[in-house]
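When the chains are written out, they are named A, B, C and D in that same order, and each has its own residue count from 1.
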Amino acid sequence: MIELDEVAYSYGGDALLTAMSLSLAPGSFHFLTGPSGSGKTTFLKLCYGALVPTEGQLRLFDTDIRDLNRDGIAHLRRRVGVVHQDCQFLDHLPVTENIALPLTVSGQSVAEHGGNLGELISWVGLGARAQALPPELSGGERQRVALARALIQSPDIVLADEPTGNVDWEMSQRLLRLLVELNRMGKTILIATHDLSLIRAAKAHVQARVLRISDQRLKLAGADL
Amino acid sequence: MIELDEVAYSYGGDALLTAMSLSLAPGSFHFLTGPSGSGKTTFLKLCYGALVPTEGQLRLFDTDIRDLNRDGIAHLRRRVGVVHQDCQFLDHLPVTENIALPLTVSGQSVAEHGGNLGELISWVGLGARAQALPPELSGGERQRVALARALIQSPDIVLADEPTGNVDWEMSQRLLRLLVELNRMGKTILIATHDLSLIRAAKAHVQARVLRISDQRLKLAGADL
Amino acid sequence: MKTVLALVRGVLSTDAQADRVVPPTGFTARLTLFTATAMAFLAVFAIALSLAAGQLAQNWRDALAGTATLRVQAPIAEREVQSSRALAILQQTPGVASARLISEDEQKALLAPWFGPDVPLAGLPVPQLIEVTGDSYDAAGLRLRLQAELPGAVLDDHGRWRAPFVRAAGRLRALAWASIFLIFGAMGGMITLAANAALSANVQIITVLRLVGATDAYIAQAFVRRFTLRALTGAAIGTAFGLFAIALLPRAGEQASVLTGLGFDGSDWLWPLLVPPIAGVVAFVATQYASRRVLGSLS
Amino acid sequence: MKTVLALVRGVLSTDAQADRVVPPTGFTARLTLFTATAMAFLAVFAIALSLAAGQLAQNWRDALAGTATLRVQAPIAEREVQSSRALAILQQTPGVASARLISEDEQKALLAPWFGPDVPLAGLPVPQLIEVTGDSYDAAGLRLRLQAELPGAVLDDHGRWRAPFVRAAGRLRALAWASIFLIFGAMGGMITLAANAALSANVQIITVLRLVGATDAYIAQAFVRRFTLRALTGAAIGTAFGLFAIALLPRAGEQASVLTGLGFDGSDWLWPLLVPPIAGVVAFVATQYASRRVLGSLS
């Protein structure tokens, strides 16, 4: 699904990430950790084409990201569900419409996914807030809306950046279960988090590998957690 | 410093918080917990005058918040350091200027606090990113900038909303130490968080009381954590 | 070209869902409406001015073409002979279109404002007047020849003093056209800036839409449609107001000066009706340009 | 009043730090500059139009005041007697300012365009003309009296035909004034909307500034100063361009129509110089109003 071959990235100055090689197999479950500012978010952005590697090759669904124009990237993104770290929404549309946005944008009928949508909203515990506008949500509610939006189109890959940073322990377990279930359905999952207890909890349910960014490189953390 | 007398709040619909009475003594250290969406952020907003109680009386520095016009609230806020949950900055100004903003706005000379500013920036581990613009920061870096901005004017009260939601364990311990130190200098601290391990760690260093919002009410969680 | 057509179709179709995705653009939208209204109003006036100036120049040019007179001053007995000599000379002169004796009645009419309708011209030693039309003849050469052959005949092309006025009216017309272009240019500029402001103010929207896989065309469409429709509406309102105001203007009649004679006659009314569609096209192009620029810069 | 003064001082002082706190307002700022330029340009033209229309109305009014003529038609022998009778009657008529015989030379000059300079008027039975000035006399009553006492005398107040033109020129002037107000109004509206758009686009800035204890005056100040300065600058540029364009316009002389005679003479030049300060005041008030509204609504 995602293959990196000696990828490096820098925001103009010094290299932030170097010599990263990795291949995410379909149906795999990965965590990504590393200290604050090490480049987790940057890595995810590379993975969904928001940033282009300064060196090396990155293939997403067997397409070199460099070969795509903006429209090509837009179409690829419909197969990737992304949870951004700073969850941004269309502040003038209610929660339901924000969650259905990936369908709207790709011209799919929202009504068709109606059942799916309602189920997803209640799973993330937002049934009561479905008609609220995003600025009226609490921090944790926003994160859950972002996760629901990433999952609505049944994407092949889910990339989530700190999806549980603002929710309490029970809720984070609930969200994790949702992701594990998706993984069992064959989706590829990559979660960036600094929350080691979340990783530990996940390992009880799923064969998850843990990647760690340190010294600008991607390393397999393995069982040493 | 902050006194609540039978305060209630609702965002128009049903009551979110009711019958809250509390008095935060100068120099006290409080944590505030509760599930996502229970009203932690709302409670903090009441405490710094961003929201006005729908019922009851709230006194900040012995002034009833209802008696103040917008300018009066602006002046009170200069004595309160706030870390917002969704850290917002002036995206066109570099980190240093954003941190110095409370000084700028109240007409104080930034140069005077120069030493203080530099020290604070390196304490939160942003020495290398001091000239970056906020949109170029990682999630954890943003939270640290927000904390530094809240502390730059040596406020009498610090209100922090999930100040460690996006940083790793070591960094969160470091930030906690900073807050504990300020508390020892006599500042009143109130931290909203869902991270119970942070609270446990704090209790080793400081006499902290834990408040909990459940069933729309404020309760003392005491030693039952 | 095909994309342009597709975009025009996009503007005209009503994809309500795509419209909802972009938030109400509030003040910039209102600004666009207001600007289009004001500019269309001014454009209608400029068009009226241009038409009036064109009419004025035409009138003056007509007047210029036929207002030279030849004055044959001669004793009553010789008047007729000398007049026909003069006519003969004029007919030989290249560039003279026509030459015609002015009748006694016409002469009386010329004098009436000063001397009343009953001046007894007959038998008076007043000169015979000949109207000369045509404006390409060599006046100086003709004068020399007349001086030699008919010393009593004086060519007075007093219409010539109007020449600078004709030029002035022509320049005024050019000025009116320039101001029409200026007005549409200013409108285009303002709408581009307003659309730019709206797009820049919605960077978050664009980021979110891109994140969930929206193409640039999808994002631009809502902005383009909105601004084009606003400009069309505003220009229609402004044109209506402008036509109304012009209809209310006093019209002082034929001889009146250019501005007191502002107004539309007959097919003139079609010109101002072009203002709204032109405004729509200008807005479409301006917003299209603005959205391409902003979306490109946010890549 | 005191706060207004304080704010004006705020606008003029250069608190660089407070300015930095508000981000470059980009397109809305450029829009303001552009709008102020275009509107000032138009305002200069409207002022010139207003001055020209005023001048025209004045000319026509002057002409109206003194252009009645009395034509005394009489046999040569009686002409002098009847003329002095007529003068006597006129001098008795209330409202007639002056009455004066038109000399033979003047009569010749009137005829010259048609009959050349050498019409032998003396001894001809052409009427004696008397120039009558004053415009408050009762023309109908005078005519009746003349008919009774001097049947050969005809009062021709042909200047009267200019009356509708004077009215038209007056209305044209009013129109020019109205358009000046319209232009400043439109400018005010556009700047208000632009400032509103800038403020609404910067809700995050306002939230942040409030969070750290900034007062509304502090927040508004940077916006107000910025927009006022932009409007001032733009209006100055537009005025300069407008004056330049008007200086380039052909001037066709005294008798020319109102628009071909556009231009500024002597102290007229002071009027357009008022445009930039007025634009500044309009922008100041508009932005002040906009920021109060937006800051109030975000309380």
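Note that in this section contacts are C-beta pairs under 8 Å (C-beta built on N, C-alpha and C of every residue); 3 or more make two chains touch, one makes a residue touch a chain.
In this text, all values refer to a predicted model and were calculated from it rather than measured experimentally.
Trainee: Which chains, if any, touch subunit C and subunit D both?
Mentor: Expected: no chain.
Trainee: Taking each chain's centre as the mean of its C-alpha atoms, give the chain farthest from subunit B.
Mentor: C
Trainee: From the mean C-alpha coordinate of subunit B to that of subunit D, what's the distance rounded to whole Å?
Mentor: One centre to the other, that is 62 Å.
Trainee: Taking the mean of the CA coordinates per chain, how far is subunit A from subunit D in Å?
Mentor: 67
Trainee: Please set out, as single numbers or ranges, the residues of subunit B touching at least two other chains.
Mentor: There are none in subunit B.
Trainee: What pattern do the touching chains form: line, ring, star, complete or other?
Mentor: ring
Trainee: So which chains actually touch one another? I want all the pairs, not just one.
Mentor: Every touching chain pair, ordered by label, is A-B, A-C, B-D, C-D.
Trainee: Which residues of subunit D touch subunit B once you look at their complex with the stated criterion?
Mentor: Interface residues on subunit D, with respect to subunit B: 17-18, 20-21, 23-24, 204-205, 207-218, 295, 299.
Trainee: For subunit B, which residues count as touching subunit D in their complex?
Mentor: 50, 70-71, 74-78, 82, 84, 88-93, 97, 101-102, 104-106, 149
Trainee: In their shared complex, at which residues does subunit B touch subunit A?
Mentor: Listed in rising order, the residues are 11, 33, 35-37, 40-41, 85-86, 125, 129, 136, 138-142, 144, 161-162, 165-171, 194, 196-197.
Trainee: If we count contacts the way the header does, which residues on subunit D are in touch with subunit C in the complex?
Mentor: 26-28, 30-31, 34-35, 38, 42, 49, 53, 56, 69, 71, 73, 107, 110-111, 113-116, 118-120, 124-127, 129, 154, 156, 158, 164-165, 167-169, 171-172, 175, 182, 186, 189-190, 193-194, 196-198, 200-201, 249-250, 252-253, 256-260
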